[in-house]
Amino acid sequence: MLKSASLVARFDKKEAIKLAEDLAKYLRAKGLEVYVEDTLAQKMSIEAKNVSLEQMRTDFIITIGGDGTILRTCVSIPKPEPPILAINMGVRGFLTEVEPTQAFTAVDRCLKGEFTIEKCMKLSITADDMKFPDALNEALISADEPAKLLYAQILKDGEPILNCQADGLMIATQTGSTGYSLSAGGPVLDPGVDAFVLTPVCALSVFRSIVFPADSSLTVEVLRPRKTLVVIDGHHRKIISSKLPSITVTRSEYETSFIRFRENFYHRLRSRLLFRGLGGKTKRRRQMKES
Amino acid sequence: MLKSASLVARFDKKEAIKLAEDLAKYLRAKGLEVYVEDTLAQKMSIEAKNVSLEQMRTDFIITIGGDGTILRTCVSIPKPEPPILAINMGVRGFLTEVEPTQAFTAVDRCLKGEFTIEKCMKLSITADDMKFPDALNEALISADEPAKLLYAQILKDGEPILNCQADGLMIATQTGSTGYSLSAGGPVLDPGVDAFVLTPVCALSVFRSIVFPADSSLTVEVLRPRKTLVVIDGHHRKIISSKLPSITVTRSEYETSFIRFRENFYHRLRSRLLFRGLGGKTKRRRQMKES
Amino acid sequence: MLKSASLVARFDKKEAIKLAEDLAKYLRAKGLEVYVEDTLAQKMSIEAKNVSLEQMRTDFIITIGGDGTILRTCVSIPKPEPPILAINMGVRGFLTEVEPTQAFTAVDRCLKGEFTIEKCMKLSITADDMKFPDALNEALISADEPAKLLYAQILKDGEPILNCQADGLMIATQTGSTGYSLSAGGPVLDPGVDAFVLTPVCALSVFRSIVFPADSSLTVEVLRPRKTLVVIDGHHRKIISSKLPSITVTRSEYETSFIRFRENFYHRLRSRLLFRGLGGKTKRRRQMKES
Amino acid sequence: MLKSASLVARFDKKEAIKLAEDLAKYLRAKGLEVYVEDTLAQKMSIEAKNVSLEQMRTDFIITIGGDGTILRTCVSIPKPEPPILAINMGVRGFLTEVEPTQAFTAVDRCLKGEFTIEKCMKLSITADDMKFPDALNEALISADEPAKLLYAQILKDGEPILNCQADGLMIATQTGSTGYSLSAGGPVLDPGVDAFVLTPVCALSVFRSIVFPADSSLTVEVLRPRKTLVVIDGHHRKIISSKLPSITVTRSEYETSFIRFRENFYHRLRSRLLFRGLGGKTKRRRQMKES
């Protein structure tokens, strides 16, 4: 049973802060211990226990925002990660589960235990002796500036497999395959596929997405330029200045857990920009055939 | 130990028939029982035991030709399939293992047991009560004529996931992901990924490749037009005229086995047309870094 | 001034036939001489002068349907083509100008002369000594069956420029660049560009769209297979059985004329399936900047 | 008749500097006035008249290097630009005309007047009141960092046509259509097409390349982020920090002139990485047909 909750919301939208306040009161009235992300707490007009993302060890976490808010949360919360109930108040809400109007109903269902947990694979990224935060969506390896070629060699499980010249190399999870990776031309990975996908950005050489088993270790050895940029989930950015850096991507031992009320990957996919026009509603055809 | 062999070769190339003759003699001299595909036997100038592809139950099969010869062989040989040693004498030899000049050395290594078996997943395709041959590369579902839209609904494990309007829908294995599916814009699947990939051909709606777990069941329910064409591995063609046909694709219980002398998927991939320019040779970079 | 009109409509939709009847009466009441496509006339419950598409020499033509109806009309009407007022009653209405509810208002504006004529380039296609109908959208050259490779050499102004192996080769006009050609991966050509575009379908070799000047002559010399299929605007299909046929595409001396009430290529483009998500409405930003 | 020449070479390759020295002597022996780019002159072991790129007003210019050397030269030389004889000593030599071994023969042909001039359109780029160097290949408009979305509105001739969210927007000439723009997924523009092409990089919304008439004016109004990066020909980089900057691209009044010995756009294209596999040699098929 859920006894404690944390609230995370985007700061730049009044409605998000207001909903956070209302949910905080509602959860407290239901007898839960409620925490609020410290930076958010300062913007709220009600008293609330502050907690940093790094210390957010409650039974579940409610995020109010879009995919950006979720990705920012996932990068920092303690491992193993508490499950996330994601309320959509963002431009892109692909990962979110409920609309603001359903927020209280959703919370009620959570408290009654009427939900399932969707576990999403994350990627572990290391560069030589440096450890990056795990990626829920993707890691992008590129030059430090746009429009600059990255010369790299790609190794699978330590064996060189391909050389490449491209603006960037993106390695995405199943979850991330519907995000930035899709924009870069990558395929969609069904959530049930045990794999991640490598997609080049503006490759000079001919080169398509390659789908690797989730238990493989993918290494990108950068030959040029001197400075390599690694971007995790579009948020965490780090420039590596070491000579010939070697970035290795594997499946993380941790996962992100989402509270879901129904299986709806394809439902969400159909509503995605890039898949529009696929027929909003799919329906059983049995009747059609019989008629 | 290998005690019997069958020979399959393309008929339209004298060099292929000549090599088949030479290999037949060589294998016989080594004490093996040798069979020759019946249609090929008629073109050979030596005596040979005839056998149809359907009856080819020898310890291994040698194919002389390109991918077409292999695909034609796989469609018909008995299950479980004897391992194939594929000698390249074709336009496209992506699946082949050795060049003609290495044919005798390769046979020697086979007889000494110095090889590994690469097992390749196949797809089982059924349409209502019709069973198609298993596909090693891919199944294409399209209208019966080029440039005609197929209206279909796609179901995963019985649940509708997407509607689609396209010239065709291609479902490819890992092996097939480097063939026709790549031409259609699909990703490459590493041989270790337990998955198959759906790629639309000339989709009217926006729609990218989707990678599904190998144990999922994918169904294409065709709404229009009246006649649906199913093409297996580019060779086996069948027009379905039933109303609203339903084509289901799953992992086959059988696999195709290739005799391989080294792990060389990416070696073969680099030599593929669509991946040229990726740097012919990859090399260990350790030295570069140390120098 | 417009004194005569012809009506073309899709036969398979009652609303289309009903609107045709209503428009016929309306136009006659306005004093115009009204003709109806002969096959449509048989389905109408009112008396009407019959005329075949081939004899449709009226001051303008009204089509009721989608792009298919327009393309079917363009292929057959006499040259130079009377201008078309296209009323949308189709799945795809990219080329159409008005919705059914605006049909009578649109006719009124036509009679008052309040319209502009959009002239659309067409392609002239010949194969050896055979002449095909001009294409408003595109010509597809392919094997006679799906999933069969076409081996061809492409010549520009008689000079060989590229060899190619693909399922098909599509040559599209500016108008066609937003249709089938877009599905095949081609670029959009602004209506003001004096060019046509060649796009391969499922090319085995690497090969992108190439945009040629409108006054160039593009020839496809087919090496294999024996039978070549040419499809004009998705409707007119012809199999060429000559040995090594040579198909030449040039700008036609004729154009298709559409009656338009406003410049709206990008308005129509934004509403296209493949361009959704581009922000329904674009607006002047001047104010934003000043605010 | 050519009476004066300037030499430009990459500095980081001894062979390039050596060839520059040899060509300088050769040209002087032929009676030409010879200038050497000032930074190059310092690395040469022979005496030479120095000149900056900005002052290079000789009858022609010889560049020794790859496309990078040519692009760097074009950005700075005075307008109208002297014709360039480009000798290939680079990774990418798409724009170059001759290999180093043919350098002296090529110079001889130049002096005899046995050459043609290929004139290549350039793009003029302005941002509010800022003027950028003309682009021979392309202008990229992006956020100041990789993996950061650019929100922009695109206007043609002052009229808003599309909104877009992408990592970048690339506008390429015919010449540039075979370079970076091709890597971004753009079409090839035949040199005879009077057009330029807009291609998005990693577009969030669905969005393909659009080909515009060369005399149109394309404006990108950036809504976000605060800092916009403009990269000309991969070399000239400038960050614009003004609020809501407006970048306008039109055809430049100047062109780059290349000395060519034969029409060879498609010859060069076939040798490009992305077009490999297209059959190295195209040949007249007349004979095949007759045989």
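Brief remarks follow.
Each chain carries a letter (A, B, C and D) given by its place in the written order, and its residues are counted from 1.
Criterion: a residue touches a chain if its C-beta (ideal position, glycine included) is under 8 Å from a C-beta of that chain, and two chains touch if they have at least 3 such contacts.
The structure presented is a predicted model; accordingly, all values stated were derived computationally and were not measured.
Traced through touching neighbours, the fewest hops from subunit C to subunit D number 1. A turn of 180° superposes the CA atoms of subunit B on those of subunit C, with the angle given to the nearest 5.
Matched by residue number, over half of the contacts between the chains of A-D recur in the interface of B-C, chosen from A-B, C-D or B-C. Comparing the contact residues of subunit A and subunit B by number shows a mostly shared set, over half of all numbers used being common to the two copies.
The centroid of the Cα atoms in subunit B and the matching centroid in subunit C are 39 Å apart. One inter-chain figure worth recording: subunit A and subunit B are separated by 36 Å, centre to centre, where each centre is the mean of the chain's CA atoms. Subunit C has its Cα centroid 44 Å from the Cα centroid of subunit A.
Residue positions 204-206, 273-274, 276-277 of subunit B are each in touch with at least two other chains.
Of all residues in subunit C, those touching subunit D in their complex are 153, 156, 159-164, 177, 182, 186-190, 192-195, 197, 204-213, 216, 221, 223, 243-244, 266, 269-270, 274-279, 282-285, 288-289. Residues 92, 140, 142-147, 166-168, 180, 183-185, 201-206, 229, 231, 234, 237, 273-274, 276 of subunit C touch subunit B in their complex.
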